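Before any comments, here is the structure.
Order of writing sets the labels: A, B, C, D and E. Residues in every chain begin at 1.
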Amino acid sequence: MIRRIVATIMILLLGTVLLYMTSEMPRFGDPANPTNNELSARYMEDVIEDVNIPNIVTAIITDYRAYDTLGEATVLFAAIASVLAVLAMHSDSGRGTKLDE
Amino acid sequence: MNDFVLQTVTQILMPFIQVYGIFVVLNGHLSPGGGFAGGTILGASIILYALTVDVKAAEGIYPDERAEMVESASVLVFVLLGLISLMMGRNFLTNIGIFPSPETGTLLTGGFIMPVTLAIGAKVASTVITLFTHLFEEKKS
Amino acid sequence: MAEIFHVLLLTFLIVCAVAVAYIRDLLSAVILFAAYSLVMAIIWQQLDAPDIAMAEAAIGAGVTTLLFVVTISKTRRQE
Amino acid sequence: MNIIQGLVDNYFYFASIVIFLIGMHIMLTHSNMIKKIMGMNIMETAIFLFVVSIGYVDGGSAPIVIEGQTIRFINPLPSALILTGLVVGVSLTAFALSLVIELYKCYGTTDSDEIMAIRRREQ
Amino acid sequence: MNHLPIVVICTSLIGAFASPVLGKGRPWLPGILARIIVPANAVLLGILLAHVGDVGVFHYFVGGWAPPWGIALNVDYLSLYMAMAIHVISTIILVFARGDLGHEVRLDGHRWYYTLFLLLVAAMTALAFSNDFFNIFVFTEVATIAACALIAIKAYRECVEASFKYLILSTVGSGFILLALALLYMVTGHFNLSLVAGEMAAAAEAYPMNIMVALVLLIVGFGVKSAMFPLHVWLPDAHSSAPSPSSAILSGLVVKIYAVVLIRVILTVFGRGVLSTAPIAEMLLLLSSAAIIGGSLFALAQRDIKRLLAYSTVAQIGYIYLGISLLSESGTMGGLVHIFNHALMKTLLFLAAGAMIHQTGLRDITKLSGIAKKMPITMGVFSIGALSMVGIPGFNGFISKMYLATGAFEAGKPAFIIVILLSSLLNGLYYLPIVVRAFLGAPDEGEVFTRDRIPLSMTIPLVALGLACIYFGLIPGPLLELVRRAAEHLILL
């Protein structure tokens, strides 16, 4: 019970800070935001020249930032390997045994 | 589940869902979608079949050994495509300039994007099915 | 007009999230979570990000819900 | 008043922060493990919503180039990254759920408090 | 030559991807593959280090796209130091695993074990080299999943529970990290670490809240993953219940790679300008002192040997953060050199404990009295590790403590020297009784220890680690030179 109250208070504190911060952020949807810089401009203007495909999002995930996508395929691989390993290892013997025996 | 209507509808719908999934994968670079969305749709179609018609039959379509092969092969293809550019003396995962890229707006455009999307699609579909069958059935391996 | 629609969708999201917290029947919570994911997909369509909208509709509402349902069928339904 | 005005202007950020907090609350205070994982998913999608709304531009359109047309697009980078993030989220969920199934077989419960109680009784 | 970092990461990944298929029906093959790949990569990293010595540090552009558009790898002395540490320690652990793993994981699980191990090594190496926020996030997730699975793969229910707790807390940490990098992207418009650092001054002027909150969220997020003091609750269960090779890599390397990423982010991205506006460094100093004292006190109360070692890790992570947050050159060097030294010592101690558990099945330190008669070599190297932990001159633990103390003095905060001395005393209080009892105590009734041999594949890594502890204690020169360059790079920015 105490744990729940402490967690709730911590989350309320965090929430106050985060919401206060939200009011000071760059305005939502404003074309003059810091994120709309030369970075996104290059993706939009040169995508045909650079990658030769019209879908900019696909161009980013499979070419500009393909290394991230490789990492992400690795996450999927890690997840499936983990699930198979855990389910296979616990399938029959050893289940429910305690550690110190 | 032994509902006749459900089974029939599923069997009629299956090919359409799969064709749509393949379409989403193949057209990922021209329209919204891509390996992730399309792969999930493909995987979901098999799961739908497993749930409504027969889990055992679905496993017959996609056995464990094949799943493990596809899992490993698809990621390996990704890494090896990256290493090809390394062999050609360019940086890892360099695309244009190494891989041919025909005119804009066609299916094969964009160098290695097509094979990469296919690999991701296969990987995601396979992962979804394997996760489902293993959590559902937990066979002995 | 679009703003009102957005606010409605966002309110629905918040209500869904709170409901997931308070419903003690896990299966109902999962179904609510699927609804939450679908609304999230609509919001992403509204934010002009169709790629994520498709992925979310397939992954969030489809696969994640399915995995939850399978897990609940293997374990206990009540919290 | 400034704060209220800021929150109203940034209503997408506001909503995603609220959902983030709700998700985290579910994750940290519920003892049922499946609920915890649901909270994890809600928290993650809230962050994804936050990131994607950073990329939104008023009057922008979906980032697909149409030949011969110059129109304003939304910022494509957050969308691309969140596509990756979604898959990471589902991987974590799947692994966590497989652990829950194993724990249910070992302890016969999906409640972490009950598992703690069982372990304390055994010691 | 410039491609070597990516080659190192890719060979580990290829090994991991191929292991499940190759190992089907041939459970010995993935182990051999891993034991070829990881040492070979260590050699490649040595070549890369020599190359960097010739041409200087550089950035590697993945996909040929320069930083704002693509992902850059940061090939500097810090990343090379970490990558070398990862590969050297992993090699030793892999050799040990050959003898030990059969007792901890069923034979048909070995292919999965080595798959996950290689994934973990690849992810940690990628994290060490990464110079892009989102890339860091993605590989953090790979490392988290692989680390959790390396715990849960042991067929005991405690392991599954510890793994689940670790996974849930890690996910909270990941959420914080993702939120923090979104906040940073929002005000700087970049994901690349160097470019974010370039925009930092202007952004801190215009949006101070965003920057501060992002900094705190990053510290909490990576703090959970690297078991910073009040956030360490998952560590004792996870590290003590895992298979011994897993415990060694988790305690020796995994918690530290997150610490290194956090250090790199704090010092190179935020820099002293932001750190001076709020008492972040002071908070870190207090937390790490609390970790050093608290972790040692908790360790003092343990009877399970692996649990004791796990709590000791909490204290040692405190040393690393203490050294960094002193913000002086010797302090940073002390923190960084302690990463490698502690990896050596803790790997040694966990592997020796694993060997003892493997031979006797005993985990309770009070029952281990007289065990040196049965396992003189194991207990001998365990003593080396214990003495090194305490910080006796001549062992490598002393070097890092000396630099930490000098750093505290340089920074004008001599109070922390007392913390270091006090913790050395506490370390002595819980490590030395084990050693004394093992060599001088008589075996319990009913426990008959006859002298027997552990497999050579377990003895060799233990002896190698023991010799390394002494070697780096007596001749720390080359290691310190490498660390000095890494620290200079961090401090100058």
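Just so it is clear, a residue touches a chain if its C-beta (ideal position, glycine included) is under 8 Å from a C-beta of that chain, and two chains touch if they have at least 3 such contacts.
Predicted model, so just to flag it, every value in this text is computed and none were measured.
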Intersection of the contact lists for chain A and chain C: B, D
Taking each chain's C-alpha mean as its centre, the one farthest from chain D: E
Distance-maximising chain from chain C - centres being C-alpha averages: E
Centroid spacing, where centroids are CA-atom means, of chain A and chain B in whole angstrom: 21
Cα-centroid distance, chain C relative to chain D, in whole angstrom: 11
Approximate Å spacing (C-alpha centroids) for the pair chain B, chain C: 24
Interchain centroid distance [CA atoms averaged], chain B/chain E, Å: 36
Residue numbers of chain C (touch at least two other chains): 49-51, 55, 59, 63, 67, 70-71, 74
Contacts with two or more other chains, residues of chain D listed in rising order: 11-12, 18, 20, 24-25, 28, 53-56, 62-64, 67, 77-81, 83-84, 86-88, 91-92, 94-95, 97-102, 106
Sites on chain A at which at least two other chains make contact: 18, 20, 24-25, 33, 35-36, 39, 43, 48, 54-55, 57-58, 61, 63, 65-72, 74-80, 82-84, 86-88, 90, 95-96, 98
Chain C partner contacts - residues on chain D that touch it in the complex: 11-12, 15, 18-19, 22-23, 25-26, 30, 32, 34-35, 37-39, 41-42, 45, 48-49, 52-53, 55-56, 60-63, 74, 79-80, 82-83, 86-87, 89-90, 93-94, 97, 100-101, 104, 109-111
Chain C residues touching chain B - in the complex, by the definition given at the top: 50-51, 53-55, 57-59, 62-63, 66-67, 70-71, 74
Chain D contact footprint on chain E (complex, rising order): 134, 137-138, 141, 144-145, 148-149, 152, 157-158, 160-161, 163-165, 167-168, 171-172, 174-175, 178-179, 182, 185-186, 191
Interface residues, chain E side, partner chain A - complex: 13, 16-17, 20, 62-63, 65, 68-71, 105-106, 108-109, 112-113, 115-116, 119, 122-123, 126, 132, 134-135, 138-139, 141-142, 145-146, 148-149, 152-160, 183, 185-190, 199, 203, 207, 209-210, 213, 241, 304, 363
Residue ranges of chain D in contact with chain B within the complex: 62, 64, 67, 83, 86-87, 94, 97-98, 101
